[in-house]
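Here the chain labels run A, B, C, D, E and F in written order, and each chain numbers its own residues starting at 1.
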Amino acid sequence: MNAGDIAARLDDRLDIEAYADIDASPNGLQVGPASQPVEHVAFAVDAAVETIDRADEAGADLLVTHHGIVWGGMERVTETNYRRVAPLIDNDLALYVAHLPLDGHQSLGNAAGVADLLGLDNRAPFGAMGGEYIGQRGTLSEPQTVSELAGSLEGNIDTGGQPVQVLDFGPSTVEDVAVVTGSGVDWLQEAVETDADVLITGEGKQKAFHEAREQGIHVILAGHYATETFGVQSLQTVAEDWELETTYIDCPTGL
Amino acid sequence: MNAGDIAARLDDRLDIEAYADIDASPNGLQVGPASQPVEHVAFAVDAAVETIDRADEAGADLLVTHHGIVWGGMERVTETNYRRVAPLIDNDLALYVAHLPLDGHQSLGNAAGVADLLGLDNRAPFGAMGGEYIGQRGTLSEPQTVSELAGSLEGNIDTGGQPVQVLDFGPSTVEDVAVVTGSGVDWLQEAVETDADVLITGEGKQKAFHEAREQGIHVILAGHYATETFGVQSLQTVAEDWELETTYIDCPTGL
Amino acid sequence: MNAGDIAARLDDRLDIEAYADIDASPNGLQVGPASQPVEHVAFAVDAAVETIDRADEAGADLLVTHHGIVWGGMERVTETNYRRVAPLIDNDLALYVAHLPLDGHQSLGNAAGVADLLGLDNRAPFGAMGGEYIGQRGTLSEPQTVSELAGSLEGNIDTGGQPVQVLDFGPSTVEDVAVVTGSGVDWLQEAVETDADVLITGEGKQKAFHEAREQGIHVILAGHYATETFGVQSLQTVAEDWELETTYIDCPTGL
Amino acid sequence: MNAGDIAARLDDRLDIEAYADIDASPNGLQVGPASQPVEHVAFAVDAAVETIDRADEAGADLLVTHHGIVWGGMERVTETNYRRVAPLIDNDLALYVAHLPLDGHQSLGNAAGVADLLGLDNRAPFGAMGGEYIGQRGTLSEPQTVSELAGSLEGNIDTGGQPVQVLDFGPSTVEDVAVVTGSGVDWLQEAVETDADVLITGEGKQKAFHEAREQGIHVILAGHYATETFGVQSLQTVAEDWELETTYIDCPTGL
Amino acid sequence: MNAGDIAARLDDRLDIEAYADIDASPNGLQVGPASQPVEHVAFAVDAAVETIDRADEAGADLLVTHHGIVWGGMERVTETNYRRVAPLIDNDLALYVAHLPLDGHQSLGNAAGVADLLGLDNRAPFGAMGGEYIGQRGTLSEPQTVSELAGSLEGNIDTGGQPVQVLDFGPSTVEDVAVVTGSGVDWLQEAVETDADVLITGEGKQKAFHEAREQGIHVILAGHYATETFGVQSLQTVAEDWELETTYIDCPTGL
Amino acid sequence: MNAGDIAARLDDRLDIEAYADIDASPNGLQVGPASQPVEHVAFAVDAAVETIDRADEAGADLLVTHHGIVWGGMERVTETNYRRVAPLIDNDLALYVAHLPLDGHQSLGNAAGVADLLGLDNRAPFGAMGGEYIGQRGTLSEPQTVSELAGSLEGNIDTGGQPVQVLDFGPSTVEDVAVVTGSGVDWLQEAVETDADVLITGEGKQKAFHEAREQGIHVILAGHYATETFGVQSLQTVAEDWELETTYIDCPTGL
């Protein structure tokens, strides 16, 4: 297969068309000719000099990431853009990106991965954005305290040494769990309106503190990187099913 | 003095007009009649149910905050808006807000407060936004390691129990320090281009990790709340000079 | 029932969702907590200090109006906004608003009320706006002169002492009648194109004179207030069916 | 002189360039070749079939109006547009339009004409719009009741048989008078903030009633046409000074 | 029939409604009263002084063109606008315009006319623009060289004496032909992606040279006027079927 | 010098900052690290695979062009973008672009080059665009026919074998000459209003024919490429003054 073939398959599987108007990330093949032959695919959360170099060292022909190198449009291939584009081109390494489509995919996506880890039942799309969803919700098999829930996350994800932070303003035990990975506190209101007991996301924002407190809902901030390793690892499994050689590049940011 | 008089003085002192087109926060008097008599002013970082209640308990007639309750415009005075507006009105408590003007004021502002704490010299405006500045830069009296610098911050600000986080990618000792309080990683590029050794801000974002690493600059994430207590406390001193009774309401968020 | 329950019923009955993108008025509950218990509902054309005070004096828990207090968004709760919000909050009086949805509702709405008064047959939606309608048209049971028609309006609506004004440029007798209450002369062209003999609306605009004259159509200007008492009075009947106590507050403006 | 020469002189005298970005009316020559020879100029408030026909009957080569026939841009020269353009072209009658520049000109304009009529002193620009002004304010030589003031207007302008309407919510006598002719109630807030006792304008809007009442200011609605005859008549005098033959076409609308 | 009747028939036949939001040309009747009686219709590519005069000389009551006289909206009927509108009005000549609808109509349109000329089979819409199409593609009955293809065009269209220009970068023989008449090089990418061998259009743009060369596709530039005589001539046949007298006005531009 | 140093000098010399908001081309360094050492600079009108390859063959470290490879922003480095970026990066060849600043520079620019060729006197900026100019005008030392003028152009520029085209609608001899190179017919109106006898530009557009004819002005279409070789050749001279080795790559398009 070449990069174009793999891109076409992934575009279809992740329905990237549906997210085209709402995502600042141009999803799909971001760098490289469609004709690039691909035997070995590397996977990482971020496309950056570090992960590009390690993909090259692993012998990959294609790097698949959640965060790409273009947001909106690239005005110049200089400075940071050059630092990232040059090693891709020099090493014949193509780059495929799936941002919001990989957040929201209900079985392969990041939120689905968190839900799998926690064993949530009664899954449903969560995190509305322009007619699509970028998260998932579900129920715990039995009620837990928010500390227990935060603890199961902390023990099973790579937070880069940073603590999982809890805004402990909800009920004494939690059962309904809403997940938007990465930077998801803007969906706190949807969590309240749909009667979630807790919103799990990655990064925090100052405004979430009082909003959570005043509405009596928990927020768990488990790290942007830590909550977004699931999607690319799901795609790695998909690629293995296509009989491609694969490598996962772990590069936690602690953010 | 009434609320209108105080608002007019603060509007003038902070030059809020200059920030009118670039700030989503309507700065100045946000709630209350200008005719409200004011003897006692409370100060807090956030306008929220908790700080409003404590301002009322302290006997304040006016609450001055950095983060207000309106962003853009309030469509309805229901739910969260109602929870915050109702106790202000019920208790004859007016609300004055200074957001970006208080970030950027070169002697009273948040970044200036951080710079005072660190004893920076050679101060200059930093953090360009639409023709104005929302931060400040300066030099340490002598070079330090980034850990020493992070340590002096951590010992002197209220991080709500959260660690100060360092993205340790810059030189072995730092001297040129750029500060944008709150959520300031979007000014990382300006810090690089102006040869800062370190950018101090509050909240992080995932993208900052690789950007800092690839460009060899340190980032210190000292907390959104923790870096933004300075401005309102400066205004408290100003209000005392006007012979008003004052109260500072500390309500750290750990964010 | 509480304010939220009543709002949900009215939102549904008036299909306010359909008008969300075309109306500068945020329709639905504008002020008050959804949890506000409601036994007594007041109805008025305008939400203003006068009608709010009279609703409170009548013992109402909820005021329902056609013109609310927020258009677009409220930047500050000061001056006029404060004067209106404060007595609502001080008196635990919630505010529900239905603007364009109440103009256009084909049985409960303002234009439908004018059509009822005139006994129009063959009713059809009129007054196209972004895919919805904000008026109604129909035919008189037998032809009248425009003076007779204006007379039947003037005798049955509260113009606040102002004359009903006729731009007398149409046929000697009229049969096809188009109605857009309030400020509706912008629909004169639609009236011409759909062969109405007369457009009935509330307020005039200078440009209507020559447009009507040159196209040979009558315009009756019966007053903004006077043509818009019908909708809220229809809702009063609805509320009575729900076994709520009700009051209608008449406050004609002469405009 | 030809139409182009006269247009250039009027453009300059009225500073139409300054209003180019804020006026939906393309001011200056709207119809006709610049080369059209002009000996006789007709003046009217509105450009419409009636005034165009009467200008032609008077033997005019150029018609100067306050309201033209193009607003924004003319998509088609059909229906109403055709009815107005055709007789202009058929009769070699050019059309010059001055809308907001003629409202706001401080000596030749519509508001200035109202101020002259009332003998206002201490004149100053009023009615801010995008950096320009479209009205004027001043003080009466001695205080009057608002009824007296409305009376002097009514006796001296052509309201087309309609009553001058007073929203009688201000002080018992008035001295500070703000004027925006035509449709000017949107400047009620500026009138309040600059301590006017009364706002004189032409057309009303429903919202003005409660806004005036709650802020204790009078509004006099003297008619759109009636308040806007002054500007074109001033230009008539100017044209006479240029030794052109002139005609004023009176066509009151009662609006 | 009058101009309005004919316009309604043509609007319907060409589905001009579908192109309303994507075309800068207001399609349909552009000048003239709908009531204009029409016995004789003239057809031309461009509405300009030359073609208007010749339509009048031919005794036409209606001129139908592909390029009209209004683009967006006409701010003033002066200079060039006056030069074109005046003779239309003076001579009671109405103007009907069909721009993109006539480019894209799959049997009457300009591209369809080129396809007819070349005898293309397997016709399909080509030239996507906002959900509609403005061109057509098809296959030659047998492969030709691009020179042969350019030659058959040059021999059968009126290029005003200018050479047909070939960007000769595609395969040695061509079979799949894409056509967007007028100014169509912006659809080069669609031609490449849909495996056309050659794009035929009218005017060139500098950027097309290297884009065609690098992607190995031919471009034939046969002239804007020359490729757009087909649509209006098809409409002429339609008008003859309606038993109207007709005239075609040939006025090649060489562009 | 490195690429950054040269870019800074050229940015300054061409005042690219002034054109930043009006040019879809990101001017300045478009590809490559600022740190790239530069000894040899190649110059071409277009940045494309052909010119990039030839610059590399010539041993250049930097390619300076008038048309770059980014317009607006590059969403993906794939297909055409990849074909052009890859050889730049693979060969350590940086790319510097000056589009409108090089059209409009009054001594180094493209229009200035045409004016030099024709020996125009009384030079002045021409071709207004958002407060800047992108062309130049001047007078011939003595009147010529438009054919003579077209002939002197044709004999001295590289039209790639295409004829210079003349729209011969102006006076019998010409003296005032306006120049906007490339695609400049949109400035025909400015040429008319400023009394030019002829507009010289590169590419034509259909609409220019009748506009020129009706206003009695000549247009000379001398080719987009052919009129835009002057600016980059002027920069070549500048680079030679900086003691850099240089190459000019001629690649006429015939467009």
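Observations, loosely collected:
The rule is simple: a contact is a pair of C-beta atoms (placed from the backbone, for glycine too) under 8 Å apart; a residue touches a chain by one contact, two chains touch by 3 or more.
Just so we're on the same page, UniProt names per chain: A, B, C, D, E, F = Nif3-like dinuclear metal center hexameric protein.
Values in this document were obtained by computation on a predicted structure and should not be read as measured data.
Hopping across touching chains, the smallest step count from chain B to chain E is 3.
Interface equivalence for E-F, evaluated over A-B, A-F or B-C, points to A-B, where over half of the contact pairs coincide by residue number. When the CA atoms of chain A are superposed on those of chain E, the rotation angle is 120 degrees to the nearest 5.
Chain D and chain E have CA centres that are 46 Å apart. Averaged C-alpha coordinates give centres for chain C and chain F that are 61 Å from one another. Between chain A and chain C the centroid-to-centroid distance comes to 49 Å (mean Cα coordinates, whole Å).
Counting partners per residue, chain F has 83 as the residues that reach two or more other chains.
Taken as a contact graph, the chains are arranged in a single closed ring, with each chain touching exactly two others. The ring sequence of chains is given as D, E, F, A, B, C, with chain D as the starting point and chain E next. Of all the residues in chain B, the ones that touch chain C in their complex are 26, 28-34, 70, 72-79, 82-83, 85-86, 88-90. Contact residues of chain A toward chain B in the complex are 46, 48-50, 67, 80, 83, 162-163, 165, 182-183, 202-211, 213-215, 224-225, 253-255.
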